[in-house]
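Have a look at the structure below, then the notes.
A, B, C and D label the chains in the order they appear, each numbered from 1.
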Amino acid sequence: MKTERKVLIEDTFAEAFSMYMVRILVTASTRRWALASAMEAKGLGTTAIFCPNEVGVEAEVNSSDTPDQRPGVLLMMGHPKIENVRKWVPRRIRHCILSVPTTVAFDEMPENLANDSVSIEGTPVQLFGDGYEERVEAYGRSMFRIPLMGGWFYVSERFRVTKGVAGGNIIVLGNSMPSALLGAETAVDAIKSVPHVFTPAVNGIFASGSKPKSSYPWGTTNEKFCTCIKDRVKNTMIPDGVESAFEVVINGLTLEDVKRAMKVAIEAAVKIPGVMRITAGNYEGKLGPHKINLREL
Amino acid sequence: MKTERKVLIEDTFAEAFSMYMVRILVTASTRRWALASAMEAKGLGTTAIFCPNEVGVEAEVNSSDTPDQRPGVLLMMGHPKIENVRKWVPRRIRHCILSVPTTVAFDEMPENLANDSVSIEGTPVQLFGDGYEERVEAYGRSMFRIPLMGGWFYVSERFRVTKGVAGGNIIVLGNSMPSALLGAETAVDAIKSVPHVFTPAVNGIFASGSKPKSSYPWGTTNEKFCTCIKDRVKNTMIPDGVESAFEVVINGLTLEDVKRAMKVAIEAAVKIPGVMRITAGNYEGKLGPHKINLREL
Amino acid sequence: MKTERKVLIEDTFAEAFSMYMVRILVTASTRRWALASAMEAKGLGTTAIFCPNEVGVEAEVNSSDTPDQRPGVLLMMGHPKIENVRKWVPRRIRHCILSVPTTVAFDEMPENLANDSVSIEGTPVQLFGDGYEERVEAYGRSMFRIPLMGGWFYVSERFRVTKGVAGGNIIVLGNSMPSALLGAETAVDAIKSVPHVFTPAVNGIFASGSKPKSSYPWGTTNEKFCTCIKDRVKNTMIPDGVESAFEVVINGLTLEDVKRAMKVAIEAAVKIPGVMRITAGNYEGKLGPHKINLREL
Amino acid sequence: MKTERKVLIEDTFAEAFSMYMVRILVTASTRRWALASAMEAKGLGTTAIFCPNEVGVEAEVNSSDTPDQRPGVLLMMGHPKIENVRKWVPRRIRHCILSVPTTVAFDEMPENLANDSVSIEGTPVQLFGDGYEERVEAYGRSMFRIPLMGGWFYVSERFRVTKGVAGGNIIVLGNSMPSALLGAETAVDAIKSVPHVFTPAVNGIFASGSKPKSSYPWGTTNEKFCTCIKDRVKNTMIPDGVESAFEVVINGLTLEDVKRAMKVAIEAAVKIPGVMRITAGNYEGKLGPHKINLREL
């Protein structure tokens, strides 16, 4: 703590791209059930490449700040293709929220950011009611309610969509695996103070990174950042003294949100002893429209 | 505790069906990372109907009992169709285990139960290595190792498959929502003492139940068990005094495993005050080959 | 949800008394370590009667809102006697915060409420440094730093004290144990949205309650609220149909804080099916100066 | 993983001493409540020096292996003086187990190790019943039951005591704080596979260490192991290249248990990159009767 250390922030940029996103508030009788539902909904959601889609928890919400005055968890889901969002948002709601004791699912997209929406009508969520479902006004909103064994399940009639920003990232390089890992963990914890963003990795940290143009459609390892084969890789990006690297990917509703999160992530990671450098993954500018320069943050 | 209560065990049966299953042991440097990886791999895994497949955590494993002497978590995944298992097991490993710091994925199917296998060769897991991966003998097993930013990822060369049993279940009926819920929770906790089984629901408990022959291919609510519409449903299965119902679904490697888990689940649930009845979901014998009579347990 | 239910709020009052309190912010490199430290410091802290003192977690704090920009947990400790506070606050800091990896302990009493303080000077915390400790300005505050194996431990030079309010409470009566328990749990979750209060019970819920004038100095069971012996107790307070009772005790920096927390607690608990009545524990007005009428809330 | 690394095990010994211990099994309706109760009972229990006493969680226990067929947690408590055990065991049970919803407290000392006992009769636990308590045979044991608001609380009539072994330890030295910390964490996780031992530190890891003969009765920092002042300390034990140290203290029912735990702890810690050395704390042979040589393990 309070020690002066010098960590090199590389002069590079993270390359971000557009992603259609929804923002769902899951509430339940208790924090525990809201969180359990959100974590199931988050699962198999680390990447849009061929997971169904990318999902992450944004934050817990106190009962004083939810429409039904119960504890909640904010969840975001996204995919670069809008069709995928239309397909998987209802499915995740159906299987990971509707099926869970005492939950309600609210659309929580900020009003000013919405420019499209996914309707629940005609999806497996509404149709699950088999005609017993009802369209109701509840909690000041237009909702469906679906009868379950455990009681009525309430769900917003539609979930608004924004064209957000995905792929913001930092890569933490350490003089040992534990240093890089703890550096990444502090970055993820710091990001929790920034609203409107999520980290799709498990606990926010990727051990694996993919390269821009893969020989294989589902992505292949970015060998230039693989510490364990740095002797075999020409043009390795791993400098001497670096023994490990982990990546924190950040998605958010706007470019500003992603930048803010990247900034606090860097500030947190560099405090950890053994963290040597911070860099970022990019695709030489060929992938996305957004370039986020690390040093400008 | 120790109070004598009378809970009616209905004279009915759970109807189970066959499911192809794998059993994966995820280890990591710490329990926390093994568990985080397992929970991501479990996500979006409550049902085979149109989740990618059904997944559940069987148990944590002490480091003394794993091949690499590190803490681990046993995970099971299954689907009625073998093609689905071949497709989604590698994907879940790729996105929910390979990508997570310090993990290893071992095949842990008991030798005597295996009658098929899913090969990792040629899947997105192996191909992620982009030629840098290696076939190695490690921890006394045939494995691949794939280079990542965070170090080598080791994974068994193949995951053996058994034809297991899915759809074992009990439905807990309570005089109020909390009674049925706590009854179901104690059932799930009791099941943790039975090896070779898993509960695919979130925290093991389903608020929703589907009916045998749905008018809709993805399943529709089983209105006969919906307490909130019992006045509107002819032939409701909800007796007077019952206000809520939750279901615990149990899948296992063998029929005996599922029966044993159902037995301890019932014994636990009936101890909870306010639990009125235990019943089970079945499809009038039309779905699966296995009928598990509650009273015989 | 959204069902209209009638729960009787009894026409009674909670009787609260004065307690000297400190408010400590524990930060650490990660949320996990801050929380682990806070939970150890909270332990053996359910009551001032003859636990060392009463302790509870108020809330987690994002890294953006702490002096050292790291994640934190707010902890409160109190006792009716100021000598006890002087004795046990340093001991809990010494054994439950100082000893924990990467932690810092900050005084976080709101400026306007402080009217006394506990100095760290001369206590086991400062003296642990054996002369190697230093008085420093850090994070804009006057602090000590003590050398440990794991690095420097920083701690505020003094922790300010307020004369707060303890013993606010509600008792949740249910038609079964699970109903009363879930009602109490939702009350505790709701209280998390109110700043400046804490609940000293384990997970915020007491299964036991003491009576005003005990035949024994350490408190004895309040038999009038014991459901399991209601047939043997004259003047039992347990009405017909009630099978279980749990108590949520609330302490806070001011009377207004405690009232606000009691209000949201009641509003949450009455939503749970099977909750029959809300009452409160009091000592017939003989114990404390504060009477908080339930119906006025 | 699987990398060959050389970590120096110093040629020294841990010096252990005798401690009177009890072993308590806390069961509850759910794992969650058993664990919450155990964690409260563990709190303020990192050291016998002037915490009330040392406490730690040994393991979770499946419902199939407990007397009341409910999930449980094994807890151990100890102190070098038997009077302290007689005083604080009943107090911790009274405030951290009795007060918690649905719990039962069983004596679980192995038969062959018991050579004394703490009676519950006449303690604040029994007297809490105020005459309504009863002596009963339950779960095949002699127990008291005490009436509470939430129902009967059952507790063993006496808790047997053994003269166990405390102060086994390893100190993990790392090339950075994160390396030493992760090394210590893997050691703690490994210890979970050894029965009859517990680690009293928060999450099992001490950032602070005391020295043998302190100038102050409550213990003072062991400056020889303080990395942050190694330049100011003559005869520092911190070699070049070591930047951080954490200690794992291990107590157990027998010397063999402690040795076994120390062995697996060392084997786990040395696997972590950045861990440089393993040493141990001793008091130059003046404190305790037991010397556990690291290299012999």
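Just so we're on the same page, contacts are C-beta pairs under 8 Å (C-beta built on N, C-alpha and C of every residue); 3 or more make two chains touch, one makes a residue touch a chain.
Since this is a predicted model, take the numbers as computed values, not measurements.
Engineer: So if I look at the partners of subunit A and the partners of subunit C, which chains show up in both lists?
Structural biologist: For subunit A paired with subunit C, the chains in contact with each are B, D, in label order.
Engineer: Could you pull out the chain whose C-alpha mean position is farthest off from that of subunit B?
Structural biologist: Max centre-to-centre separation from subunit B belongs to C.
Engineer: Using the stated contact rule, I'd like to know whether B-D or A-D comes out ahead in C-beta pair count.
Structural biologist: B-D
Engineer: Find the geometric centre of each of subunit A and subunit D from their Cα atoms only, then give the gap between the two centres in Å, rounded to an integer.
Structural biologist: Using C-alpha averages as centres, the distance is 39 Å.
Engineer: Averaging over Cα atoms per chain, report the distance between subunit C and subunit D in Å.
Structural biologist: It comes to 26 Å between the two C-alpha centres.
Engineer: What whole-number Å value describes the gap between the mean CA coordinates of subunit B and subunit D?
Structural biologist: Result: the chain centres lie 34 Å from each other.
Engineer: Could you say which residues in subunit C touch two or more other chains, in rising order?
Structural biologist: In subunit C, the residues touching two or more other chains are 102, 151-152, 177, 181-182, 244, 272.
Engineer: Which of the residues in subunit A end up touching subunit C in this complex?
Structural biologist: Where subunit A meets subunit C, its residues are 1-2, 29-31, 62-65, 68-71, 102, 104, 138-139, 151-152, 154, 182, 185-186, 189-190, 192-194, 264, 267-268, 271-272.
Engineer: Would you mind writing out the residues of subunit B in touch with subunit C in their complex?
Structural biologist: It comes out as residues 32, 174-179, 181-183, 243-244, 272-274.
Engineer: For the complex, give me every residue of subunit C touching subunit D.
Structural biologist: Per the touch definition, subunit C meets subunit D at residues 33, 36-37, 39-47, 50-52, 91-92, 94-96, 98-103, 124, 127-130, 132, 146-153, 171, 177, 180-181, 201-203, 205-209, 211, 214-216, 218-223, 225-229, 232-233, 244-247.
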